Structure formats: structure tokens, C-alpha cells
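Going by the order they are written in, the chains are A, B, C and D; count residues from 1 in each one.
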């Protein structure tokens, strides 16, 4: 069951150390199965080298384990909240990548200082507040998900497919697990470029809206001309 | 046809990830064929691992596709403007390498703070302004090329074979595709050294003209004595 | 004798260059043997590639060599002081890893700016003062150990299993040599994140105590739910 | 002739890219042959991958080529000046390593902020001024060597075996080519640590003299106890 989706999730998780987005077991990726609507996610605390399709965990959107003998990622409820609110999201990636996490720790958003950013993120990547103690007392991971959902309520989550969580790390989104990881790589690189930009020139300005539009749309707009026709 | 030039362009594009100048498909290299005058360039959005001589795209200077079934790089018109204006340019490389792009995002030129710079770039590497909306509305990539051409009008483009584009990235030039990539590696390393220099000492000064002359000329001048006689 | 412990110490020392925590011979790891209570430690100044189980040095807690023909690490007495004072410490790692050492050289503690820190270190990682000349004159390495012991007197050393030594480097602790090295990797990564955080935002604040508690306890508390049940 | 020394110089030059001290052909190492007193040095502008024992160049101290069909490194005269003045120097390494060169470009010395430095360099690593135009007009490389010699006149060159050249790069020294390269690796790492220290805490202080003495002497003093007895 769900063999394709398990294979995708396995591969996407194994891509995290290859792209140097994680140390040890510090990241997790999930994907929504197109047929059943179930979510396949990494087991908690298992090394990427030890992952197989068989130790992936399958859950329904309410968090009931459908298949798998391992505990799912401790961040599972955060993933589920986002999948429930945004049907267009098919893959989610969570990491503590170094530069993006530094922005999260500094409590700063990632603004569009260049076209590298504009090629993937249509505007500022937001930075969510730290949860209140009362929220953490009830359910830390679920309230983290609710906060993410709320921040994207008036935005197109797949047009700006990433968010920083203050004092914590990064979530990125996509139409697949692979694309969510791809966006995490881009966000980390953009965060590094922006770190260097801001420490070189603290008053640097984001690019103008019309350049942001141009780059985003030549890749993702309806008249996109980047890449090959499929 | 153009087998040598295609092989050169393939190799030069494959060198980009080896030198860590790109993520994913974020860079492109082209070369002018010495016999036909045609330009061979990377296909748009194709992974470096999937490139072969056969999917390279051959164009004339007006952008007509002479050979190839793939779309050429979305930045092709920028390359063509430079080839049309400067016959001495035989290879062009475009990347978003991290440190050089940070200078571009900060809107800062790369000054000659040391002899590493002087060995390859005879003076300050310029930083072009962001295009006006009216220019982007007409033809973004072509006007980018026109702007580069204008900036080098009163300079020797092969003596300072690189330019930053504000809020965007880097173009470098050479007498071959290989040399253009070589210059992109140097520019990225010089950008990193200059970033560190300026954050250590914000009032650091460029080296004096006579030291710039000495280093540039011992490598490129008519009495150059660096390297082996050919 | 002590074959298991020797194998652990060998592997833990060889992990130092793999994790890029050391240049040349700049780090050492030891472990306490569970049966004999003896300490097994790296020989001084031997390259990691040349280490074998047989050139490990076995000592009692007073520093008498029980087995081995090599000189033990020059930092041995520091290890022994900590083992004597804290029976729960079973492994110790000493390195000059780049970012953590920069905090030590700057004389700054490593505060908990994020959950990456909170997942492993329950609060601020302290920075010990430089020894007085009088202490160095008597026994540099032993007094370094005494100072570490004193700083953890009113703390749980395995809950905040690391310390910076001003102007010097890092010691980390664990329930095994492997865990001590693991904590050194985490401390270096956290130091890098904090360096970036502080240079982006010099007035950044540590995370609130309740978030520190939540993350530390979901991994290490009595109701921990991170990872798989053993 | 000089087969041992050629092998040493070959190996030492090949170590430069392995230690990431150079891009392309940007560094050179030489060694003094113990029997003949001749100097063996890298040929100019040859890639490290293409080096063999046979293309090494052998010179006497006055710069006459004794053996070899290649041009010697363009920095040869700098090496020779140092060998002539300091018979105890047996190996010399010149690189533009990133962090050390940034200090050189910033015109800053490398102070002893920690014991990593003290383990190899007995005090501040100096930064030589830029040569005057008149000196460059006569002989750039020779006057560079004369300036280095002058700066070490009242110092023990092998106790602080490295120097920065303002706006240029680094020279390091040793009792062999291998040791000179070793010292270049250390100087680059110490430069990186000091860069991070100073950007974290611009008023950080060097370690006290007695700690510098302790670390330098436990490794190099007459009662040194670091490492194994030979």
C-alpha cells in the first residue's frame, strides 16, 4: 500500500543530509498520498541511513496510525494541521538549517533582496511568533501547526512556500515531498545570501515589486518561459 | 557540427556545480564557435547531470535557433547582446554565487583590496543598477545585456571580465567558456575575501594603483612572467 | 582487557575529523570503563588515522598508567578531575571546534537562542575564566579540571553537558564517549547558529524558559516522546 | 639528484588543495636540500594535479637554475631572500588562504586570542606594509623577501613562523616544506577563529603572556610534554 508515496518520502528524507540541511536526525519530511489522502512521514529519531520504506509511518489526517510499527516524527501534528487546512499542499519539510534558523532565532523575516529569492518565493518569508505558554501546555506541535495555518490564511501558501518559527526552525511546503525539500534548500541559500547582504549593508533594500513579479512569473506565471515544455 | 564548441560548453556548465557556484540549475555558460560565429548555450532548466553535447542549443547572434530541440537558457538574450557588442568575448558565464550575489544584493561594487583580485581583474568590478520597469516590460533579458554593454563601453571588458547586477547575480567573460567559468570562481573567492575584509575593517582601502598594475601585468601584461612559455 | 571501551574510544576519536571538529591532532576523547572504573584515553599527538585499539592508554583515576606504551593526551588530568567529581560522567570530549572556540575567545557564554540548543543543553553553556598564573604554575591541566568541576557544582552536568574555557576551547560530557562527541557536534552547530543570530541582531533574546523546558523534556524528561521506545 | 627533497616539495604542494588553502595554482611551497643547500620549488602556474618530481625546479640561493626545464614560481625571489637570511628555515609556503588574506587585506595582525594560536605561534603574527612603488619598480619579489627578513630581524622566525603581507597574502615557514604547509593550515584556522572572535566581540583581548608561554612551551619548550618521545 502507498508504495510510491513511501518511496518518495524515503528519498526526500535521505536528501536532507545530502543537502547539508540537517545534523543527526534533525529534520523530517512527509507527503500526502494522492489516492488515499493519508500522510506518510519519517519515524521519530531514526537516522537517515537506517530509513527504509518499511519504517515509514502512515497516518490519517486525524493522526491515527494506519500502518507502521514506529512512532511518527514528534512534529507530526504540525504537518497534519497544515495538510488539513491547505489541500493544495502535498509535501512538507521541517529542518533547522543553519542560516534560516539564525534568522528565526533573530526573530527576522527573510525579505526578497534578490532574484534568487524571487525565483521561488513570491515575497517576504514570514517569521511566526513563539507560542504562548498556554498553547504549549495544551499541545505544542498542534498549536505550531495552527499558527502556521493562520499566517497563510490571506496568502497563497504555495507561492511563498516557507515559514520561519521564531526561536525554532523552518517549515517548507510543496506539491510533493521532493519539492518541499527543494524549497528548503533554496530558503537556506537565500537566508545565507541575505545574512551576508545585511551584514555588508544594514540598510539594503528589497528588490522592487516589478522585478519580483518578473522573476517569479517567468518561472511560475501562466506565460512562464523558464525550463522545458513538458 | 560545432562538436568542439559543444564539448567545451558542456564541460564548462558541468564545472559550475563542481566549483560550488550553483544550486540546482541556477547558472548557464555559453561559447562562441570560432568558425561559424554561432553561440552554443545550455538548455533552460536542465540539471547539470543530465546535460549532453546533444542537448546544447546553437543560436545565431539574433537568437534564431540553428540547432537543438531544447529551449535555450532563459538568459540567452543577455549573452547575445554582449557577444554582439564585444567580438573579443568568446565565453560568458552567469551564476548566483553566494558571496558575489551578496555584494550585488547590497548594491556594492567589488573593489581591489588585494593582489588576488589584481591577478585577474584590473580594477573595481562594477555593479549595474536594477533595470527600470519600462525596460523589463519590453524585454528583461535583452535590456540586461544592453546595460552590461553600456557599462563596459569605456573599459576593456576582458581586463575586468565580470560584473554584478544589483539584486540579481553575476556575469563573467573570457576568451572561452572555460575561462569565463574560471573568472566566476575567482570573483566568488575575491567577493568572500572582500566580505571578510570589510566586516573586519569597514574603512579598509583598495591597494594602490602601482601594486594593481604590477600584479595584473606580471600575469597579463606584454612582459608577463607568470606561468610557462607556451 | 577493556576491549569494548577501547573500541568505543577509538571510534569516538576517529569521529572528530569526520565531524570536522578538529584539524591535525587537536582533540581527544576518553571513556570510563564500566567494570574496572579505569579511564581509556587517546595517546598524545597521534594522528587519528594512525590510532588503533592498541595504542589507547588506560589509566586509573589518579593518573597511574595501567596499560599502554604511549603517553596519554596532555589534557588527561583535566579529564580525570571531572571523572572523579562526577560519577555519572562516562565520556569526555575536548576540541577546539571553530565557532565554539570563537565564543570562548570572545569570553561569551552560549545562550539558548533556539530549540536546537534546548534539545540538548538545558540552559546557558557556561564560559570558564582563564586560570590564574599561580594555578598554571602548579598544574595547568589539573586546575583546568578543578575549575570545570567547581562550575558544575550546583548544576546537573549531564543536563548542560558542555563548557567553554575562555581563550582555549571546549569540553563536552556524556554517558559514553560517543555521546560526548555527539554533544560536541551539537555545541559547534549551536555556536554557529548563535554567532549568526548575534551578528544579525545583537539584541536577540534567549527563548523563554517554558519553551526551553518543553523541548528539553520532550527529548529527555520522564514523559519524553521523541524517538522510539527501546 | 635531490630526489628526497623533490618528493617532499611535490607532496607539500599537493597538500595545498587538499587543505583548501588554494584555488587553481595560487600557492607555492619550497624546501632547502640538506646536502647541497639548493632550493627546490614549484614551477610557475602549473596545476597541482600536473605536478611531478621531474617538473620541480632546483635553484641555488642566488636564483641560478641548477636543474629543471620549467620556470620556477614567480615568487621564487621572495623565498630565496628568506632562505639566505635565516639558515634555520628549511621550508617556505606561500598562499592566499581566505581568512588570513582577509586580515592581510584589512591591514590587521593576527593576535593570540587563544591557545590554538599559542600552540604554534609564540605571539602576534605580524602584517608587513605594502611595498613602496620604488621598491616594486626595482624588484617586487626580492623586496618582498627583504621586507620579511627585516621584520623578523629581532624575532625568532621559527617561533612565530608566519607573516601576512598587507593587500596580498601569507608566507609561513618551517623546518621542512611539510611543516611550512602545516603552519599555513594552522594560521588559516586561527585567522578564521579570530575573525569570528572580533566580529562577536570587537574588544576581545589576547590571552595573557603566562598562558601563551604555557601552551607554546608544553609543545615546543625544552620540557615539552605534548606528543610521543621520538
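Convention: a contact is a pair of C-beta atoms (placed from the backbone, for glycine too) under 8 Å apart; a residue touches a chain by one contact, two chains touch by 3 or more.
All values reported here derive from a predicted model rather than from experimental measurement.
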| item | value |
| --- | --- |
| Self-contact between copies subunit A and subunit C, residue sets same or different by half | different |
| From subunit A, the most remote chain by mean C-alpha position | D |
| For subunit B paired with subunit C, centre-to-centre distance based on mean C-alpha positions, whole Å | 46 |
| Averaged-CA centre spacing for the pair subunit D and subunit B, given as whole angstrom | 33 |
| Junction residues of subunit A - those touching two or more other chains | 199 |
| All chain pairs that touch each other | A-B, A-C, B-D, C-D |
| Subunit A-facing residues of subunit C, complex | 113-116, 182, 185-186, 189, 192-194, 196-197, 199-201, 204, 207-208, 210-211, 214, 218, 225-229 |
| Residue ranges of subunit C in contact with subunit D within the complex | 23-24, 26, 43-46, 70-71, 74, 96, 98-99, 101-108, 130-131, 133, 136, 140, 167-169, 195, 198-199 |
